[in-house]
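Presented below are the structures under discussion, each in the form of C-alpha cells.
Next come two complexes built around chain A: one with chain B, the other with chain C.
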Partner chain A sequence: MSISKSKIDQACRVAEEFTKLYYESTDKRRHLISRLYLDTGILTWNGNGLTGNERIQKFYIELPSSDHTISTLDAQPIFDGAVNNQLSFLIQVSGTVKYQDKPPKSFQQSFVITAQGDKWKIVTDCFRLQEPLTSTDKN
Partner chain B sequence: VGFDIPNEVVLPPSQQTYLCSGEAQGIVRQFLEQYFLIFDSESRQPLLQAYHENAMFSMTSNYAYGQNAKNSSWLNWYNTDNRNLLRVQDRDRRHKLLRQGQLSVVSFLSEMPGSKHDIHSFTVDLQLFTPQMLLLTVTGMFRELRSGHKTAPIRYFLRTLVIVPAGSGFCIANEQLYVTNATEEQAKNAFKTPIAEPTPTSTPTPAQITSTTSAATVTVPP
Partner chain C sequence: MTTNDPALVKMSPMAVTLNDTSVSTGIGSGLVMKERKLLNNPNLWHKVIVHNCENLDRDFILKTILDHVHPLDFIPVRYTVEGTNGTFFARNCRMAIEKLCRQNLIVANPTNKDKPFKLTIILSYSTTTDLIINVQENIAAVLNKRYTAATKTLNLDNFYKDTDLTEFCTLSQPKILYFVLHLSRQFQIQHLKLTNNEINILSPIESIWGMKTLTTLDLRNNMIEKMAELNILKTMQITELLLDGNPLCEQYDEYSYVQAVKEICPKIEKLDGVLLSQNGFLAFRRNYLCKMDGQELIDQFLEHYFCLYDSAHRSALEVMYHKQAMLSVTSQYLPGQSTTATASLGQYKCVSRNLRLLSDLAKSEECLMVGSSKIIKLLTSLPASEHDPYTFTVDLMYYKENTAIVTVTGVFREALQSLLDSERILGFTRTFILVSVGNGEYNIVNEEYHISNATTTQQQRAFKIVRVPRPSHLTIEQAHTNKERKKMAYAFKSITNLNVQWSKKCLEDCNYDLKKALMLFVDLYKVDKIPLEAFANY
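Coming up: the complex of A and B.
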C-alpha cells in the first residue's frame, strides 16, 4: 500500500509553487495572506497560536515587514488515514528572514496544505526563529 | 519634528510550547521522552514500533545564517541524504530520498550518528489533535557523538511529525527532519539543565505509547 509516485511528484511540485507564492505574499502582499489559509487555519508563530484566517491576517499586518530567503524545501504526501483521504501535503522549509533593517536570522517553518475545491489552502503553519530560548520562555 | 510611526522592530515574544489541547500534554510528553530515550541509546531498532508500516521519512540540512563548513562543524553526513527540493531536481532521486516503510525508515535512523538530545532545549508545537492524528513540531539541540569530530558538535534540529492512532497507542506516519548547527548563542545554553539519566536497570522500551494514555483521552479540539 505504498503511495503512488505521481502523488509524490505532485507533492514536490505543489510545494515549490506554494512556497514561492507564500513568501511573496508574506513579504510583498501581506494584506492578501488570509486567502492562503483555510477559514479555520492555524498559525503558530514562535509558539504563539492563532486560529482562523482573520486573526492570522491581523497578526501579519502587525508584524514588522519581512524579507524571506529560502534555503531548503521538502514535501511529502500525508498518510490518507490521518486526513480522511483528503489530499494533503506536509511541507518543511528553512531559510533566513530579515525584519525591516534588523540583521537576518535563520528560521524553520512547516505547513500542512490541503486541496479545497480547486485551491490549495493552509491547514496549519508552524514558524520558528532559530534563536536561544529566553528566560521568560521557561514558564 | 518626527513622524508618529515607531521605527523600532518589535517581534512578539516567543513561547517554548504551544498545545492546541491541554489533554494532549501527557501523550506528547510521554511520546517525546520515550522516542528520544531510544533514539539516544545504543540501538535505534526498537523505534520500529514507533513507526507506521507505511511511514514516510525525509531529511534536509544546510548551514544556518552566517555559518559554513569552515567556521562551524561539517554537515557532510547529512548532506549526502539531503532531500532539498531546491537542489534535488531529479525525479528518481527525490523518490529515493523519501524513505517509505518502517524498515527503511528505522534502518536510516540507525545509520545516523550517535546523539544525546537536550530535552530542556526543546520547543514543542502541537497544532492538531483529532481522533485521526496529532501534528507535532519539535525543535531542539543535540550533541552529535562518535562521528569523527574533534569536539562533539552541537546541532539544532526541527522534526515535523504526523502521528496516528495504532492499536492501543500511536505511531508516526509522516516525519520530516531538518538538521543544522546550533548558533553560538544557542550552544551556550545547551545542556545547562542536567538531564536525569535513565535508571540503569531499565532497557529502553518501544516508543509506542501504551494504553494508559490511549485514544480514550483523544478528543476533537474545539
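Coming up: the complex of A and C.
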C-alpha cells in the first residue's frame, strides 16, 4: 500500500487553497471563520484550547486585528489507518503575524483538515507564537 | 418601655409558645397556620430557647441550627445563657420557623446523635419598638478595623470568629452577607477578601454591584458548589478572581475550569493567580491536553523520542516510525536574521520543502520522505543535537481510539563541529501523528518538522535548568567485564524497551557491541521477528 503521487499532489494543492482561504478569513473576514471548522473542531492558541464553533467564533471576534505573512507551507496526506480511511491532510505553516500595530512576530501553525461533503474542514488547529506575547509566564 | 437588653423585656401577652408538645400533636401545623400573621410581621421578635445546652459554645449551637435551616433566612441575635438553656431572638424568619416546626423542633447534634437540641419558640415575644437590637454599629466598627486604606483592602476572612463582634455573624447566611456588604459600601474597596466563611450562596454580592473600584475578589476556601453562583459577578469590573478551595473546583479539570469561569465572567484576567489574558490576548499556556488521560502517553513518547534523537544512536529511532511513515522538513530564517555562520540553516535548507516556492508540483515528492528507512537516513544526516525539554510546549490536539496528534515546540542546541564554533541554538516545531500498534506502543505515521533560528529571548532562556546528566554508560560501545556488560544491558533495555532476556540475547549475539546489537534489534523489528512478549511492558 504505497502512497500515491496523486494523493501527495492533492495534499499540496488543497493546502495552498485552504491556507489562502484561512488567512484571508482571519485577516479580513473573521465573522464567518467558524464555518471553516468541524462542529467538533479544536483550536489551540498558544496553549489555550477552544472547542466548538461558538467558542471558536467568539475567540476570533475578540482577537485583535491581524495581518499574516506566510513564509513556508508544507502538507502531507495522513496515513489511512489514523483517520479511518477518511481523506485528511496535515498542513504546517510558518510565517509572521502583525497584531494591530505591533511589530511582526514569528508563528508556526499546524492544521489537520478533512473532507466534509465538498468542503474542507478543520479538525485541529494548533497556533503557537515563537515567543509569548504576555509578559508573565506562570507555567 | 424601650430597651436593648433582652433581660429587661417582658414577654408580650400576645406571645404564643411553640414547643414539642404543641407541634407534635398534629395541631402543630394548624397552630402555625393560625399564627401566620405573627410570623409574617417583621416587627415582632420571636424568642428561641435551646434546652439543655449548658457548656456548649454559642457559635457551635447557632451554627448547627443555621446549617439545619439553610438556606432559609434566620438571624439569631442577643444570645444569652439562661440557666441550662441558651436563648436568642430572631425575626422575619417565617420559613425557618416553619421548617423547625415540621421537624418537631428538634435539631440533630452533629457531635452527639443521642443528644439532639430541643427548641421552644415563643412567637411575638416582643416588638421592635420595645426591644431595640441594633447590630449595625458593632459590625461597622469591625469593618473599620478590617479595612486597610493604603491597599484599599477589606479583609473579611473568617468573619464570624472576630472577637470584636457581639453577635453571631456568619457570612454563610445570605442575609448577613448582604447586610455586611451593604455596610462596606462606605469604603473605597479594590480588594475584597471573603475567604474561610463557608459561603455557599453568592447572590448577596448584588449589594455591591455598584462598587466600581472593586477589581479583586478573593473567594477561596468557601463552600461554593456550583459555577452558576458566579453569574452574579458578570456585570462587575472584577479582573482578578480567586476561587481555589471551593467544592466546585473539583468538578473540573484544569482546562474546563478556566473555560467555565471565562464563560461566566469574561472580564476576568487572572484566576487563582494565573494570568488568563492581558491587553486583549489570551495568556501563554505551556501545554494543552485535549484529554487528561493522554498525558502519560505523550510524556513517555516525547521522552523516548528525544532521548534517542539526541543520543549517539539516532538510528534506533527507526522502530518508532511506521514502515510507511512520512516525514517532511521545512525551515525558515527569522525576520532580520543575518546569514552569518551561526544563523545559517544550510544543512536543514537542503532537505527542506516549501510548497510556497514550488511552482512545479512534480518536485513535491522530492523532499517528502516515505518509509521509515528513508526517514532515518534523513534524520541521521542532520547534525547531532541536544534538546532542552524545559523549553518545550506540548499541544495534544487529538487523542481518540488509536490515534494521537501532538505538536511540540522548543529549542535545541547543535553539537559543536569544532572547538572554534560558537554554540548554535535553534528553534523547532514538530507535529507527530501517532497510531497505536498494540501493547501500549505507538508509531509515528506522519511527521512535519520545522526548524528556524531561535529568538534572542529563546536563546537567553535555553539550557538554564541543569538536568541530571544521562547515565554515562550509554556511551560504552564495547563491554568486556561483567560490570560493563550489566551496564550495557541496562542501557540497551532502556533504549529498546525489550525485556531482560531479549536484551541479553541481542547483546550476546553481537558480542556486547552496542551499535551492532541495536542494528540487529532494528533489523529484526523491521521484519516482525520480535514478538510482543519480548517487550518489557507486555
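FYI, the second predicted complex is superposed on the first by the 132 of 139 C-alpha atoms of A that agree within 3 Å, B and C clash if a C-alpha of one lies under 4 Å from a C-alpha of the other, contacts with A are read in each partner's own complex, and residues count from 1 in each chain.
FYI, contacts are C-beta pairs under 8 Å (C-beta built on N, C-alpha and C of every residue); 3 or more make two chains touch, one makes a residue touch a chain.
It should be emphasised that the depicted structure is a prediction, and the values quoted were computed from it without experimental measurement.
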Overlaying the two complexes on chain A, which is it for chain B and chain C: clash or fit? clash
After superposition on the shared chain, which partner residues are touched by A:38: those of chain B (first), chain C (second), both, or neither? neither
For A:64, select first, second, both or neither according to whether it touches chain B, chain C, the two together, or no partner. both
Tell me which partner A:101 touches in the superposition: chain B (first), chain C (second), both or neither. first
Region of chain C that runs into chain B when the structures are aligned on their shared chain, from 189-197, 225-233 or 315-323: 315-323
If I apply the document's touch criterion, which positions on chain A are contacted by chain B in one structure and by chain C in the other? 1-3, 5, 8-9, 12, 15-16, 42, 44-49, 63-64, 70-79, 81-83, 90, 92, 94, 96, 99, 104, 106, 108, 110, 112, 123-124, 126, 128-134, 136-139
Contacts from chain A onto chain B in the complex sit at residues 1-3, 5, 8-9, 12, 15-16, 42, 44-49, 63-64, 70-79, 81-84, 90, 92, 94, 96, 99-102, 104-106, 108, 110, 112, 123-124, 126, 128-134, 136-139
As the complex stands, chain C meets chain A at residues 255, 259, 273-275, 277-288, 290, 322, 324-326, 328, 330-332, 334-335, 352-356, 358, 361, 364-365, 368, 370, 393, 395, 397-398, 402-403, 405, 407, 409, 427, 429, 431, 433-435, 445-446, 448, 450, 452, 455, 457-458
So in the complex, which bits of chain B are touching chain A? 7, 9-18, 20, 52, 54-56, 58-62, 64-65, 82-86, 91, 94-95, 98, 100-101, 121, 123, 125, 127-128, 132-133, 135, 137, 139, 156, 158, 160, 162, 164, 173-174, 176, 178, 180, 183, 185-186, 188-189
Would you mind writing out the residues of chain A in touch with chain C in their complex? 1-3, 5, 8-9, 12-13, 15-16, 42, 44-50, 55, 59, 62-64, 70-79, 81-83, 90, 92, 94-96, 99, 104, 106, 108, 110, 112, 123-124, 126, 128-139
